[in-house]
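In what follows, structures are represented as structure tokens.
Okay, so chain A shows up in both of these, paired with chain B first and chain C after.
Right, the complex of A and B next:
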């Protein structure tokens, strides 16, 4: 397997181990080699030895479906994709000026963004540990740029401070400073004598002083030291008036009322840890790049109505929505990536347990609203470059564009990323009402500029997206236990793939990892047949 | 001043206030308008009414000198710059393949980086609140891209864990989790009953549970919840083996020994808070862009030897180092941006208090080492995209490139950013010894790849830089009190400018703010003359 004349690379070693010992051995080897913890991705699937002429029909030209088609074709299978829409990418999608979108209920929006601006209705950011997606982005030539997830200088808005937004840095600094002061006080009051050794107590006190920016009396107070974290009333400058003026920390009660720990914990979340990425030009560039790889295999405008498998293969009935004609397609096997809510409505002879699994998983809703503004006032007036300002209102956050910083001219900010009840309320509105709500709620952050600089907007409510009727699968502990293995298992000649068939739900990475796992098992099954 | 037919913009308002009430009124107005705290920059200086034919000689074509020349020329002054080097930019500087650099002591390095790669020996990152620099970057067409300052997935190395580096995210999560558990325990032991109300104690407990990822018993333990912050043994995946496996938190004793709070506090520091920027193509692009604006004004290769002022003007003696010829230049006024250690060696009739101030401020040292590697193993093998891995060794950190992510081919990482004693030790070495030290120390993070993938390197020890003999001015509380106002004050016809004449020391922003303040006062003095 490896050329004995040279030292095998890590990839070669892992491939060799994988072929001999299977996935468990591979995983153990990766763990021993000490960086398995980043990902379950171990390279593209190994599908060698495919039977000549074996055929697969893939339902859905989203990322899971296209990856399946790409890898199965490479392995020698004859593959065909049926796709409901007239474009590849599925939920990987960007809306640009000139695009038209009609939602369930009939409302049609014509997007008016200036050239270069866009809204990503679905996925919009890529964690650094989503290695499968990064691998294929590189392989398919998708150029990436940093997505600014964490911005100390953006705002947090809540009922605290009379509804006045505060900078994340000030609230977070004050939370940490107060926690440090209180824990130090507790140590002094001997509350932890039974828990920590004297040596560890001393180390902890030093840590609290430095991390919490406490003064020499171990208090968190107004001084240049605490201002180094929370910001200054007058920051350091040059010349005669160069000396800084410290700022006054907030009352701890107000800091608690702001619930700033929610955002602090959010930024520490595995899925949102830095560094994150986005494709240059919009998330939809990924769907387009995948689409370019499988383009000859796709039949667009194909509305699947029936999936029937028998001892020899799978027959899929569909309607060509551009002509209205009924069609059928047949193959030895089927990889079905249709979202569960849609699949649940399609006639099939899938097994009853699989049907029950498909029916058991609800989809979340979410609403995204893009607002085009005349200028980047958040940058020019408030020194916010990328990242999010959070609110406890329905819009949940506004997020600033992560490209073309400092540029003159119109820019699109994400004016809402609503979920839960907020998403249902916004989803129930007309597109015009959604924009109005986004402008009203977002104005708390930029009262002087928000309405004044507004040009136009677009929104997508996922509950009204005709081809998914929801955003993504929401498993819970019970449904996982009862249905997950059934859902991902091969049902005779059909296997499901997509973010819904993963533990990385609602992420493109989940769709890809699921797809690799599904086609690897399907290939094995095909070889056994 | 403002067109009464339309609402004045914020900038117009501030300019109007500034002209009527001066800086103090302006500052107060900005504070009231609630975003003064970002910067002392209030737009380019207003130097209207310059006397026709008035002349200024600027010493040094670093950022402070070039900004002074640019704004004074715009205002109508006749300006000339004398620069010791044969290029503009001063400490704003990038080294590219093909460049040659000779340090004090005589060692010459020929940089061998591949095209597109570079080392920034001096400044390398721009805080979002350095508004003066951002303003002129935009005005002069410097394209910026994000500098990844904060990377949860990079390493921290210390004597803890037997010297094995750990990911920042895991150490930080464990620090926060333990602090949360301990403070909650203290509350339960009534250590804070006298300090916090019952209501605030309840809110704080909720905060600690959510921020610290505590379990239902308010313990920080091994489970999927704590792994959401610290990372998984097996992260969530797709298909049959999709379920995640949690990781075991470190012993708190080891977390304390790692001193992780140092990095946690570092990332909360005002100067290092996100979002940060770097110019596309290297920091030196800024010096080049400023240089392009003032190019006709600059005399390069001019080594100043004497600065003499009299009642009518300032005479500067210098040697043209390309010909060896002695020259003089004369002007009504002089803006001197020469670094203090150099200025201290130049003959002058500056006042004794100013001379004492110039002599009183020591310069820090620092050493940067660029290492070109065959491939981006930190990205490919360890999922680190930009940011820094920290160590308590002399190199202090290694920093990963923040551009061309995922690209094949050689890339340059910063193999050392030493200061203090480490910088003096590295500065005392030959360039070859520095590289060897950087490779030896940096290998702790990437033992399998570091030496194997190394191609070539370059280093700059600021104590050996002929035109500064140090990195930047290091004021302390005493020298500020005794000398700062003298240093920035106008000495008859000479005013000093540069990062050393600011409270934003060692940053380009300090040089620019100092320059604006200096020429604004000089202009006022000139009008009074």
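Right, the complex of A and C next:
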């Protein structure tokens, strides 16, 4: 480090590029320097020099809205946030013991979890490449811990094996072992002679033997080698019975019937690769930390009814739902993060193309159910520490808590994460019926313990969440083409932000990236005005 | 190729198809085995009431879940058919998810329940005429 100050470091160089060329140039440079290829995040927005007295009204105190308020305030704007709920965080949310939640239709649940336990109804895991979110977690003091995404020892339940769940590792091992053996046969039968050179065929055979746990005859059979992947009948131990006993691979037909490749492919997906994180104490810690930064700016219980812009500013009409009083707020500009399904119902003079874009995007549904159990039987009895067991039933999976391992006392597992048609059916049930369904379906994994150890539960069906009335915006190829650029464009004095205004839909990262992009353009527009 | 080879090839192709980029935070490959509702009431209970509520009265939060109960718009069967087919606002279209027969049954059901009395049953053919193609892949 003797030449410090002479040659610019990479960081100094990048900072300089960022200041000169803005975030796009910085991103380009970072990519060229083999940095940041996994994210479009190039650091917090570098906004400054807002006109004296310039004002912005932000609609919605979710992550997108709060980030906009935080950064615009830093840039010199006077900012105010209107929020429908009586809490900050939006879909970033955890339910704890003592919380009360009333869904659309009026069903009220009083959450009874023991202290320290929680349900994350919305976001619950953070990919390692969601750099914007990680940046602000660090900046706002949110402590993270690993989210166990991939657990070889969890179960997969399907119609195969007479409905008996099997360990992921055994099914995956048998799938890969059989594929390796068959591909090797194809090589031996000269099926690949036209495709591969002799040298590459030899390498591939070596790879198949190593990867597929094949024996010296290139067969996938019952032996210690295949058991190193799929698990043993008797695992290695100490003393007189220390020698391991191998396990018998499943019939390949059953392995195929289990469709284990769908789970294997799920774990391959970019958004679901390890490392993943969760905040210590519940996902809602992120919303709370953002909320602490912008607390004085937020007006809670504000139900927006009208958004009208004119040549000089934006007027937002809202009702204070705690008093029923009609109010208005006015500012030079507006960042609107209201979910599209709700914005679509709010009177406005936004441009017709923007209105059409807002109306064109449907929302998904999903249902999450938390079940508190007397003890961690999945750990104590079945050696499952975090991760997911998958099922083809509507609950889709059960997911085990990723903290407080080996602890005595009650713990909450995620008893359902339903989507699509399963989520509609569960969402249409009463909270009591949802719990009963979750117990019935989840019992396939832990038949002896599930109902016996159950204490209490809570559920959130996103179609009935009063402040979103849906889970996430769902774009398709046509709507992206027809409406996306309009939706993210600045409509005179109003700009939309949120996960719906991103290609990282249904993730907090999408909300934040969208917000940074929206306020950067809005700031530019304000300076040019 | 043998039959087994074909199955493997199919499995590998399926793997490639499934691992598409930019996926939302979803549960993964599970949950596909859902009881198939047949009658209009079954379709309503397992799909529609998740938003429109068990009594068909909808609900009000930051926005409105429209009521189907005593709704004069149901007088023309085409209205609910097109709504189910194409969706509106946050409501997704159900072409490709609900069959024309299921849609016909549930349209008949909501037009004869919840204080609506539009007696004529809606046929599968009427639905097919308005249903259209399923939406393209999500992105």
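Here is the rule we go by: the second predicted complex is superposed on the first by the 512 of 529 C-alpha atoms of A that agree within 3 Å, B and C clash if a C-alpha of one lies under 4 Å from a C-alpha of the other, contacts with A are read in each partner's own complex, and residues count from 1 in each chain.
The rule is simple: a contact is a pair of C-beta atoms (placed from the backbone, for glycine too) under 8 Å apart; a residue touches a chain by one contact, two chains touch by 3 or more.
Predicted model, so just to flag it, every value in this text is computed and none were measured.
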Partner chain in contact with A:382 - chain B first, chain C second, else both or neither: first
Which of chain B and chain C A:224 touches, first, second, both or neither: neither
First (chain B), second (chain C), both or neither touched by A:256: both
Partner chain in contact with A:420 - chain B first, chain C second, else both or neither: second
Which superposed partner A:308 touches (first chain B, second chain C, both, neither): neither
Chain B versus chain C, judged by how many residues of chain A each one touches: B
Which of chain B and chain C A:114 touches, first, second, both or neither: neither
First, second, both or neither for A:268, with chain B first and chain C second: both
Chain B versus chain C as contact partner of A:243, first or second or both or neither: first
Contacts of A:503 with chain B and chain C, given as first, second, both or neither: both
Touching both chain C and chain B, counted on chain A across the two superposed complexes: 175, 179, 182-183, 186, 191, 252, 256, 259, 261-262, 264-265, 268-270, 480, 503-504
Partner chain C, residues of chain A touching it in the complex: 84, 104-106, 123-125, 159, 175, 178-179, 182-183, 186, 191, 252, 256, 259, 261-266, 268-272, 303-304, 338-342, 344-346, 359, 361-366, 388, 390-397, 417-428, 461, 463-470, 472, 474-478, 480, 503-507
Interface residues, chain B side, partner chain A - complex: 10, 23, 27, 31, 35-40, 128-129, 131, 134, 137-138, 144-146, 148, 150-153, 169, 172-173, 175-176, 179, 182-183, 185-186, 189, 191-192, 195-196, 200, 203-204, 207-208, 210-211, 213, 227-229, 231-244, 247, 252-253, 256-257, 259, 261-262, 264-265, 268-270, 273-275, 277, 381-387, 402, 405-406, 448, 480, 484-485, 488-489, 497, 501-504, 510-518, 521
Residues of chain C touching chain A in the complex: 1, 4-5, 7-8, 11-12, 14-15, 18-35, 45-51, 53-54, 59-65, 87-93, 97, 135-139
